[in-house]
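Two complexes are shown next, each including chain A; its partner changes from chain B in the first to chain C in the second.
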Partner chain A sequence: MNPAVIFDGVVDGLQLGLLAVGLTLLYGLGGILNLAHGQIAVLGGITAALLLDAGWGALPAAAMAVVAATAAGLVLDQTIMRPVYRERGEDRILLSLLVTLGVGFVIDGLLVWRYPSEALTLRVGSGSVEVLGITMRVGSLYASAITIVAIGLVIGFLRATRAGRAVRSVIEDEVGAELVGVNPSAVRTLIFGLSGALAGLFAVTQSMTSPVTSSSGVSYTILALIVTVVGGLGSATGALLAGLILGIVNAISAAEIGSYITSIILLAAAALTILVRPSGLLGRTE
Partner chain B sequence: MSVTDTLLPDTAEPGHARSPVATWAPIAIVAVLLALVPVFVGDSRTWMGLATGMLLFACYATAFNVIFGSTGQLFLCVGALAGVSGYATPILADEFGVPGVVALVVGTALSALLGGLFSWVSVRRSLGVIFTGIVTLTFSLGFHNLLLGQRELTGGETGLRIQVGGDTVLRELVPAYLVFLGLLVGYLVLYRLLQRSSFGWAFSALRDDPVAAELAGVDVARYRIWAGTIGSAMLGLAGGLWAITEGFVSPTTFAFGEVDVETLVILAFGGIGTLLGPVIGSVALTVLDELLRDAGQLRVAIFGAILVALFLGFRSGVGPAVGRLARRVLPTSLTDRFR
Partner chain C sequence: MLEVEGLDVGYGPSTVVHGVSFTVAEGEAVAIIGSNGAGKTTTLRAIAGLLQAGAGRVNFDGHDILGEAAHVVSRRGLAYVPAERHLFGGMPVHENLALGAHPDKPDPDRLRQVYDLFPRLEERRNQTARTMSGGEQQMLAVGRALMSRPRLLILDEPTTGLAPKLASEAYAALSTLRGEGLTVLVAEQQVPLALDLADRGYVIEDGRVELDGTSEQLRGNPDVQRAYLGIA
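This part shows the complex of A and B:
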């Protein structure tokens, strides 16, 4: 097997992990399963694409992708999700799932309707370089570097900052956190914004290796959901690990077996995880 | 069972307290009204096509009502379960020479088995609503990919032309409509019977007080598995019949984005866990769909917005909301019949 295939898998897997982190944190602390996550990423991507068309430079356009996706997350949190937060437990999860499913269709429908053939492709240097004897596209290297830095920042944020500890305390125990003075609602808003930002960043890094089209939102959501489930709903490190593993599986299987079997393998991985170990790779067993 | 508290309306009571007239009159009235449709538009291909599609979705929604509305199992694989039979029936008949009726029975049984299996697994592993939703969603997407991938058998993206039933009256407009009308009426009767049976009692008891119900010996697991199996059989039968009367199926016919989303919109509109919710919802959806025919992709966005608005605004459906209003204005004896 070509080692470059595995390397491609790693590059893609890192990004998938980052996309899934946003989803899993939101689930862990808010009991919100955001099925519009991939569409928010695409919203950021298409914003950047339109700005590039309007003559913006790659860097400011990419920054605006992150800004747009962050804003989408914050708006969602402040408007449509308000009534959802009033519910507790399973009700909240169910309602969030149904409502964000609708939101996903709204974003997807609007983007495909208005910009059917728009796609974000960031060209960051052309050609390829040799790394450890493996030929890699420059785009892949940039994408990986950005993603690794972002992962580092997210982990640092969760472990070392006061806000990050507040986030983890709410995931651990919402009522307990409230008792020691953490405001769960503010933490949720923070994470909705962060989750949007990560989605926007995902669109930027994806577009360095393959185009982000206006209709790719649904498949991003599904991939993120699979990775989140395999990693364990609520576990950020689990999501990163699962992203890496599934990214490699995806790349190998797509190269060796074919793409339609690959998607079935990924879906089966998610279903099996739920059946065998619902808490995921690194999730806590209750 | 707390999920049902918020999403299921109070009107989802078992039918045991009603008189025979109040129990069966709504179904009879719906049957008569819908039977009039061919009288008026029987020779219009467009209208009959729309009306038959409307009945199909009312059937899907009634089946989903049995599974989700009655027992709170979030099956996000309505289209896929219908598609299992929707593909198995014609493939068995056309490729393997099985008689059409037998193929339909086998196809329906396959859907029922699969749905029952999902219920069994989710009960055994005590999966919450979210995990049941995700497992069934992965099945939906996997099934869709399988249809695309197994070209020799399914025709892949282009779909499958179906011979079985080809030279019969079933391919004609009005008979096809009547087949689905009969199916819908049968499903509504079945739904009512389930409501009136120990099944309906058990689930209203569960909604009222899960702990008391368990203590009183209500076997939740058993009822859930039955609901999953019966509801999936209903989906399979509808899907298989659709394949025979349409003469064509494609992955889109049973896609998540088409079937499941529309079924959710129908039930959210008509009222989850109500007898006539599926009918009211699918009439409304068909009208809306027709209005939006030229809207293209904007249609997707509008459906999404409606889904959000319905789930946030009219938690128990527009139908029951109108019903409550009517009950305030009209004498209760009249309105109660339509619950």
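This part shows the complex of A and C:
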């Protein structure tokens, strides 16, 4: 097998990890499964595409993709999610599914209606370079570097800062967190914003290797869900690990069998994980 | 320090606690005793802000705290240790304690005091909370609550799931804390232990305060002896 396939898998896998981190943290934070996650990423991506059309430079446009997606996350948290937070346990999970599914449809519908042929493509550098004897597109390298730094910062934030520790305390035990003076709703707002920012960043890095079209939101959401399930809900490191594994699996199956079969293989990998390890690779076992 | 007046609490349409009133003065240890399902936990959860009360008034240190969110109540200096403990199971002991200090205020001196009170926790400082024994988890729950230097420590059934020897040890630690001047409110089914610790007690039955008095008076009361002390 061509080692470049593995490399491509790693590049894709990092992207998947970046997309899933926001989703998995939000789920860990008391059962909010955000089915609009991919659409929020695309919202950021299309914002950047429109700004590029309007003559903005690549860097400010990319920054606005992150800003727009962050804002979308924060607006969701402050408005339509409020009634969801009032529920606890399974009721909250179910209500969050229904509400965010609706939000996802709305964002997707609006984007496809208003900007049917809009897509974000960021050209960074040009051509390709040799890395370890493998020919890599410059865009892939930029995308991977940005993603590694971003995920590293998130994991560092969670592990080493006091705010990050407060976030983990809510993931571990919401009542326990309240009892030590942590305000779970403030933590949720923080993570909703962070999750949006990461989704926007995903749109930026993704667009360095393949176009982010106005209709790609649903498939991003599904990919993020698969990665989240495999990695373990609530674990940022798990999302990264699962992203890498699935990215490599995806690349190998696309090269060896054919790209038509890859989504089936990804879903099968997710199903297998649930059978063998219901809490995911790095999920919490109760 | 804590005044509870006419507290009504329920779940949905059914009221479990009816007009409960009691007080805890600064430096005092007070026990709430009663059998399983009498309404002790419900009362404490409402005071701690984890449960909405239907009616009543709770004054802590001059503030009306009823209706405030649990994290606000905690920051006022009222530390609640629930029977289920609600530890951060996937985190090591030292992180549980660090969070107890309120995440934005590290407090190494206090950590030293907690480790001195529970040397076992220091031995296990890197162990994950979930993997510890029941007695150790109870120490950690109390230790975590103490980290915030609370003015009032409220414990719900600190002996839940503990063998008799460990239950006595838990109360020995509470007694040490009392000696240091901490105000303590404890709900307990193990009445002899609770009355040994407390200055005063309230007996709750069917969501109502049926009896109150000094620990001495309660120990001498024939009804208490029959129902809770196993003396015929």
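By our rule, the second predicted complex is superposed on the first by the 286 of 286 C-alpha atoms of A that agree within 3 Å, B and C clash if a C-alpha of one lies under 4 Å from a C-alpha of the other, contacts with A are read in each partner's own complex, and residues count from 1 in each chain.
Operating definition for what follows: a contact is a pair of C-beta atoms (placed from the backbone, for glycine too) under 8 Å apart; a residue touches a chain by one contact, two chains touch by 3 or more.
Predicted model only: the values in this text are computed from it and were never measured.
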Exercise for the section: Specify the outcome, clash or fit, for chain B and chain C once both structures are aligned onto chain A. Expected result: fit
Exercise for the section: For A:V112, select first, second, both or neither according to whether it touches chain B, chain C, the two together, or no partner. Expected result: first
Handout entry: Touching partner for A:P278 - first (chain B), second (chain C), both, neither
Key = first
Handout entry: Partner chain(s) touched by A:R162 [first = chain B, second = chain C, both, neither]
Key = second
Problem - chain B versus chain C as contact partner of A:V229, first or second or both or neither - result: first
Completion exercise
Between chain B and chain C, more residues of chain A are touched by B
Handout entry: First, second, both or neither for A:Y260, with chain B first and chain C second
Key = first
Exercise for the section: Return first, second, both or neither, reflecting whether A:E172 touches chain B, chain C, both chains, or no partner chain. Expected result: second
Practice task
Return first, second, both or neither, reflecting whether A:G89 touches chain B, chain C, both chains, or no partner chain.
Solution key: first
Exercise for the section: State whether A:N183 touches chain B only (first), chain C only (second), both chains, or neither. Expected result: second
Problem - Least Cα gap, in Å, left between chain B and chain C after the two complexes are fitted on chain A - result: 12
Problem - Residues of chain A defined as touching chain C within the complex - result: 162-163, 165-166, 168-169, 172-173, 175-184, 284
Completion exercise
Per the touch rule, the chain B residues reaching chain A in their complex are 2-3, 5-7, 74, 121, 125, 127-131, 133-135, 137-139, 141-142, 145-146, 148-149, 257, 261, 264, 268, 296-308, 311-312
Exercise for the section: Show which residues of chain C lie in contact with chain A when the two form their complex. Expected result: 48-50, 69-71, 74-75, 79-82, 85-91, 95, 98-100, 102-104, 106, 144-145, 147-148
Fill in the blank from the handout: The residues of chain A that touch chain B in their complex are 33, 80, 83-84, 87, 89-91, 93-95, 97-99, 101-110, 112-113, 116, 218, 222, 225-226, 229, 233, 258, 260-261, 263-264, 267-268, 270-271, 274-275, 278
